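As written, the chains take the letters A, B, C and D, and residue 1 is the first residue of each chain.
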Amino acid sequence: MTEYQFKVRWGDTDAAGIVFYPNFYKWMDEATHEYFTAIGFPTSALYTEQQIATPLLEANCQFKSPLLFEDHVTVRSSVVELRKKVFKISHQFVKDEETVAEGYEVRAWTSFKEKAKACPIPEHVRDKMMPGHADAIKS
Amino acid sequence: MTEYQFKVRWGDTDAAGIVFYPNFYKWMDEATHEYFTAIGFPTSALYTEQQIATPLLEANCQFKSPLLFEDHVTVRSSVVELRKKVFKISHQFVKDEETVAEGYEVRAWTSFKEKAKACPIPEHVRDKMMPGHADAIKS
Amino acid sequence: MTEYQFKVRWGDTDAAGIVFYPNFYKWMDEATHEYFTAIGFPTSALYTEQQIATPLLEANCQFKSPLLFEDHVTVRSSVVELRKKVFKISHQFVKDEETVAEGYEVRAWTSFKEKAKACPIPEHVRDKMMPGHADAIKS
Amino acid sequence: MTEYQFKVRWGDTDAAGIVFYPNFYKWMDEATHEYFTAIGFPTSALYTEQQIATPLLEANCQFKSPLLFEDHVTVRSSVVELRKKVFKISHQFVKDEETVAEGYEVRAWTSFKEKAKACPIPEHVRDKMMPGHADAIKS
């Protein structure tokens, strides 16, 4: 599990005075990038050096309490499913010890070299995504 | 069912050359606002006159094909569940007759008069949301 | 001069109930793309076929009246300066006959083929950008 | 002068592989909020307790070098003009000791209690905005 911290910005709010909901997906995306940096594979290098990115197959979020301007929030992220070319990463949004939202993303390991094409997640990346479990789950 | 049409803007794309995925939720939000306008309840009037908005409980999207800069897209929206204070609206993204994404939002009819508080969806609104079915489903 | 029309979306507002100001630049960007489409050079084709884009050197906006959710706005755009590789395009935001904001962008005609590199605006494009004036101004 | 640091996010980029320019204004806005927090007046408290915000009269930015995904950037902000109800704050974007962009915002101290209305910047705020110079400049 990795943790990503952010602060709600003025531009994240809407006329109801709370966060405009698509921003939660922006933060899940940021948390996933931070996750890969934390396990040793910064996505900027993946994209620049290998033209690998991880576009979405599905994303879901459940909203439990609204977030307000300048709230400090932690996103706890962990990979909960790991298939050959696809993984599912869950994100828990926590503010003051309270879970304010819970979501997940399903993403495909994808080469953008020519036409976008899903490809197998390399072994050394899998090992870091689910340490100790990679063998069991990858089939 | 209502239809909302938009064009993918340059700012909607990311460095992989495709739409940055949180924008799909922005478009679902826009489509829901257009839906209420189409059935006779523009959300601008709802918010200004009654301080009613419809914040999210959950949102989901499945992505089937990437969208590119200047793609023309139609979102087909319809209410598929209608409870006392909560409704579920589905959104189908179509480009050139092909479904490129499918999502839904679960929203609560909410007064922002003082503290945000869910409240019953009025009868005359329900009637327009699921014509002919409102009685059966609302319990 | 070209005209681009848009409607203020819920997500464009902030907690003060008015448009979050960086959105005006998003709309200037959209208006510039529409401008090129209108004069016969859709920027999607320019980028896909020639890897030409027009990144910014400068952008300015003066805000006269706030915009609100669901306001209908017209942006009137015209090229007011045309140099060898650089042009300045002005944008006037009009709502109900009133000018609510006025801005401009200075952009460079740029090839992204390898390293980003400014290059001369082709003659047939110049002719459309300032019909009748291209010769006088381009030196 | 205050400093605000951020990292370019994937969602900040566009299909040309560089930052979509309106994001620079988003970051200037964030830097201004951080500025007020740093001098002792968090804008969240100003808005919640007094319904004071600082909407824009004008914003400008000059772009010298593009920013890329995961660039680390510092924004150096300082108030350079202080009038009765209006101030101008400059923002310098620095990456690896190089100035990549320079901008400013002109903002009005505004009450949103009923109708939005500019009002005088309070003395104790002025003192922190331009220490030692407030008297000379405020007339």
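Please note the rule applied: contacts are C-beta pairs under 8 Å (C-beta built on N, C-alpha and C of every residue); 3 or more make two chains touch, one makes a residue touch a chain.
Small disclaimer: the values here were computed from a predicted structure and weren't measured.
Q: Chains shared as neighbours by chain C and chain D?
A: For chain C paired with chain D, the chains in contact with each are A, B, in label order.
Q: From chain D, which chain is the farthest off, judged by mean CA positions?
A: B
Q: Measuring centre to centre with CA averages, how many angstrom lie between chain B and chain C?
A: Spacing between the chain centres: roughly 29 Å.
Q: Express in whole angstrom the distance between the two chain centres, defined as the mean CA positions of chain A and chain C.
A: Roughly 34 Å separates the two chain centres.
Q: Where the CA atoms of chain A average out and where those of chain B average out, how many Å apart are those spots?
A: Distance between chain centres, rounded to whole Å: 24 Å.
Q: Where does chain A touch two or more other chains at once, residue-wise?
A: 10-11, 15, 17-18, 20, 22, 26, 29, 47, 69
Q: Touching residues of chain C toward chain B in the complex: what are they?
A: Per the stated touch rule, the residues are 9-11, 26, 29-30, 33, 42-44, 47, 68-70.
Q: Tell me, which parts of chain A touch chain C in their complex?
A: By the definition above, chain A touches chain C via 10-11, 13-15, 17-18, 20, 22, 69.
Q: Report the residues of chain B in contact with chain A in the complex, numbered from low to high.
A: Touching chain A: residues 15-18, 20-23, 25-26, 29, 47, 53, 55-63, 66, 112, 116 of chain B.
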